[in-house]
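Can you keep this structure in mind? I'll have questions shortly.
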Amino acid sequence: MTTQKIREDDYVLFYLSQRKTYMVKVEKGKTFHTHKGFIKFDDLIGKEYGSKILSSLGVEFVALKPLLRDYIIKSVRKTQITYPKDIALIVMFSGIGPGSRVVEAGTGTGALTTALAHFVKSNGRVYSYEIREEFLKTARKNLKRAGLIDFVELKNKDVSVGIDESDVDAVILDLATPWLIVSHAYAALKPCGTIVSFSPTIDQVVKTVEALKENNFVDIETVECLMRRMQTERGKTRPQTLMTGHTGYITFARKAMKPKA
Amino acid sequence: MTTQKIREDDYVLFYLSQRKTYMVKVEKGKTFHTHKGFIKFDDLIGKEYGSKILSSLGVEFVALKPLLRDYIIKSVRKTQITYPKDIALIVMFSGIGPGSRVVEAGTGTGALTTALAHFVKSNGRVYSYEIREEFLKTARKNLKRAGLIDFVELKNKDVSVGIDESDVDAVILDLATPWLIVSHAYAALKPCGTIVSFSPTIDQVVKTVEALKENNFVDIETVECLMRRMQTERGKTRPQTLMTGHTGYITFARKAMKPKA
Amino acid sequence: MTTQKIREDDYVLFYLSQRKTYMVKVEKGKTFHTHKGFIKFDDLIGKEYGSKILSSLGVEFVALKPLLRDYIIKSVRKTQITYPKDIALIVMFSGIGPGSRVVEAGTGTGALTTALAHFVKSNGRVYSYEIREEFLKTARKNLKRAGLIDFVELKNKDVSVGIDESDVDAVILDLATPWLIVSHAYAALKPCGTIVSFSPTIDQVVKTVEALKENNFVDIETVECLMRRMQTERGKTRPQTLMTGHTGYITFARKAMKPKA
Amino acid sequence: MTTQKIREDDYVLFYLSQRKTYMVKVEKGKTFHTHKGFIKFDDLIGKEYGSKILSSLGVEFVALKPLLRDYIIKSVRKTQITYPKDIALIVMFSGIGPGSRVVEAGTGTGALTTALAHFVKSNGRVYSYEIREEFLKTARKNLKRAGLIDFVELKNKDVSVGIDESDVDAVILDLATPWLIVSHAYAALKPCGTIVSFSPTIDQVVKTVEALKENNFVDIETVECLMRRMQTERGKTRPQTLMTGHTGYITFARKAMKPKA
C-alpha cells in the first residue's frame, strides 16, 4: 500500500466525534479552523495517518486517511447522492471487480462513479455519461480528490441516444428514465453482462423490469435495503431514533443471448 | 476481460427461474440432469455465456457465467454463510480495494473470503485464519471454484493467539468472540487501518465496541442492514412476504495512533 | 370482570412454549392429547385460569385464558388472515371504540371482524359483508368461539352493489378491489367518518387513494408496518432470523362534507 | 354516536394538508389565526364536522372531529410520547377492551392513558401512577380535552412501592426501570392477567424478561415495530424518505399461577 505519512496536498479526515468529521486538504502554511480551535497544517505534515492532534484550544482530533466511503459521503454535491449502502449492493450484485469495464449513466456528482472506479482500478475503466455539464465539473473535482480520475472517462453525452462502448461487463443506471436505456445497455454489454438500475419510485421499477423482460434480460431481481445504526453503550444499547426510511430500489438483471434465427 | 465462450471445466449457472438456478461444472462427455430434463455438456462447450439451451424435455435454461454473488450463494457450506448484503457492506465500509492486504478470521467455508479475494486481486492478498481443519478444506474448494485461491493464504491457526502479519489495511472478524482479537488486530493493522466485525448478538457488539474503545480505535460505528425483495409485475407489485429478519450487526472502526509517551 | 375459573365449554389456550400453544374447548369426560402426553379436561374444570397442569408424561402446560390476539391467531381459517399487527393499526387509526357502528367488507374468516367486535361491544355493532357463503360459516364459528357473535351482523351480500347502513363511524375494507367501494363508503359514513383499507399490492393502494381523492375524502395516509421479534436471553439477545417481510399497506382517510351547491 | 354538529368548547382538528393540521378549541367570539388567514369560530358553530371552511385569505380548511390518534399526537407534552403505532400494539396484545380494569405506570403526559381510557370505557377503569406532579397536571389536561378523564384515576404515587389495586386485567409499564415493578404487577393482576412493558433500550428488555421469568410469568414475547409511510401518487409512488428508526421494544407476558405447596 501507499505510505502512511501525511503529505502536502493530501486529503485528511479530521475526526472529532461520530457526528463531527471534516474532510480537508493539507495546504502548507495554512490553518484549519473549527469551533474547537485551529490546527496548523505544517504541524501535521510528516505525521502518520491516525495520529492524534490537539487544536489550539486543547481539543483532540484524529487525522484519519479518508476511505472510499468518506470520499462518497464528503463529496462536493449539488444533488442527492447515492447512499453508501446502495453503492455497496450495486457493486456486489453487478459482479464487477478489478479490471472490469463499466458504463455508468448519469454521472451526477460522481459518488457512484468514485466507488466504481475504486473497485475496477487499475486496469479496468468506467465510462460515465452525463448531459449536464455543471455536474461533470463537480464529478471531476470529486474524482480527482479521491485519486481516481485516471480510471474514469467522463462523457458529456446523452446516453438515451446510445452507448459508444461495446462488450462491457456492466451497465449501471442512476437516472430518471432507466427503461429508455435498456436496449442500448443490451447492445453495449458483453454476453451475460450485468445491468443494474437504481430508482426511487416503484413506477420506475415496474417500467424498467418490463423493458428488461422485453429485451432478453434474465435473472431479474429488485431489492430495497434499510440500514439502521445502533447506539452501543453498556446498559443503554438501542437502535438510533433517526433512520433514512427510503433511498431507492435496486434492480439487477443479466443479458441472455437472443436465440439465432 | 476473459473470453465468454464456455469451456470444459468452467462453472456454469443454469438459470431456469428466479427461484431455480443450478451451479455446475462443465465436464466433457457428461450430462446435467434436472426434473426438467437433461442437458449434455458437450452441447454447451464452445457456446457463448448467456446462451439459451433446451433440455431434453424442451425446457429453456440460460447458461450464465457465475458472478461473485453466485459463488457466495452457491458455495459448498457446513455452516451459516455471511449474507451477500452484509458482505457488500463489510467490503464498502472496510475501504479495501485492489491491492489491499487483509486479515480475516475465521474463514468458515470461505464465503466472505471469496468476496475479499475478488476485490483485492490481483496484487492484494487475504490472510485467513481458521482453527477447524474441515472448514478450511471446504473453503479451499469454494475459492478454487471461484478462481480466487491464488489471492488467499489459508492458515490453520488460532487467531486468538496472535496475528502473524503486520501493516495490513484491514482486519475482518466473523467469529464468536471478536473482542478477544481486538488487541491483536490493533498490532497487525497499519496506522489508520480498518477493523470490521460481524456478529449476530447484541452482547457480542457491546463487548467488541468496549474492546475497540479500550484499544485506541476511533470512528466506531455499528449498523444492521435489512434487505427486502420486490415482486414486480404491472398491477401486482408488492414487497415479498418472505424476508430474513436478522443476520447480524456490522461494527466498523479505525486504528488511531497511541500518543507517544 | 368475568370469573376466572375454567368451566365446561370454555376455550383454553394450553401453553407449552413460545412456539407451541394449543387452543382447545373444555369438554367434560374428554381428553386432550399431544405428543407430550394427555390431559383430562375433568381435572381442569374448576381450576383457575393461569394454572399449571402436568400431562400424563409429566410435562407442564399452563392453561391460559385466550385473549383477543389468541382468538385471531388460532382462528379457523381458509384464507390468509389479517395479521394482529395490522389489525392493531386498523383499530387505532379508525378511531373506533366502545359503541361505534362499523361496516366491514369482506368478512373472510372473521379475524378482523373479531377484533372490531371486541372493541365496539357492548352497545356498538359490526356490519360485515361477504359474498362467499362458506367463509361466513367459518367466520360465524370463529366469532361464536370468541364470544362476540352478538355484536356482529354477518351479511351474505355483495358490498359492491351498495351498503345498507348509514351514518356509520367507520368503513373497513379488506378486499381485492377497495376502490370500487369508496363511493358506497362515502354514502354510508357519517360526516367526518373514517375509511380504512388494507391491501397487499401497491397498485391497489394507488387506485384506492385516487378514488378517495375523487370522492371528497381528506387526511389520506398510507403506511406499512414491519414487526420483528426479539430473542431475549442474557448474553445472547438478538432479533429473530424469521420475519414476515410484507403483509399489506393500510390506507386511512376521513369523509369531508361536499360544499353545498 | 354523538351528534356531529360543531359546538362551543368542542375541539376541532383543522386540516390544511397532510403535513399541516391544527387542534383548536372552539371559543365563541374568538378567531383562529394561521399564516393562511383567519377563521371566526362563530362561523363554525352549528356546522357539521367534516365541513370545508374558507379562511379570510380564501384557503380551504376542513373542520375534522379529532379521533383518538389525533388526541395522542396533538397532546400537550413535556416529554417524548409513546407513538400511536406502539400504543396500538400495546392495546392489541394486552387483550384489554370495554370494561377492563388496567393499571398504568408512569402516566407521563397521558398519551397512552388516553388510549387505554378510550378502549376500556365506559364501565372499565384506568389506574395511572406518576410521581412527578407536573406531568399529572398535563395528563389531566390532555384527558379532559379528549373527554376521557372520567374513566381514569390519576395517582400521584410511587409505583415501585406497590400497587393499590388487585385483580386487574392488565398492568402496562412505560418507565425507566420496569423490572422493579414486575413483582408488584404479579400481585395486582388477576390470574392469567397480562403485563406489557415498553422500553427504548435492549438492556431494559433483558432485565425485564428476566424478572418476568423469575416471577412466574409465561408466554413472554418481545417485539419492535417499524412503521413507514408511503407517498402515493400515480407515476411517483414511493416510501417516504423520513422514518422513525426506533421508538422502543414492547414486551408482553401473562401471569401463571404459582403451584400450591
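Every chain is named by a letter (A, B, C and D) in the order it is written, and numbering of its residues begins at 1.
Here, contacts are C-beta pairs under 8 Å (C-beta built on N, C-alpha and C of every residue); 3 or more make two chains touch, one makes a residue touch a chain.
As the structure is a computational prediction, the values presented were derived from the model and not from experiment.
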Same or different, please, for the subunit A to subunit B contact, judged on whether over half of the interface numbers appear on both copies.
same
Separation of mean Cα positions, subunit D and subunit A [Å, integer]
43
How big is the gap, in whole Å, between where the Cα atoms of subunit C centre and where those of subunit D centre?
21
Between subunit B and subunit D, what distance separates the C-alpha centroids? Give it in angstrom.
46
Multi-chain contacts in subunit C, i.e. residues touching at least two other chains, fall at 202, 224, 228-229, 234, 237, 239
Based on which chains are in contact, what kind of graph results: line, ring, star, complete or other?
ring
Sort out which chains touch which and give me every pair.
A-B, A-D, B-C, C-D
Over in the complex, which subunit B residues touch subunit A? Could you list them?
1, 4, 15, 18, 21, 48-52, 62, 64-65, 67-69, 84-85, 87-89, 91-95, 97-101, 115, 118-119, 121-122, 167, 169, 190-194, 202, 205-206, 209-210, 218-230, 232-234, 237, 239, 249, 251, 254-257, 259
State the interface residues of subunit C toward subunit B in the complex, per the touch definition above.
200-203, 224, 228-229, 234-247
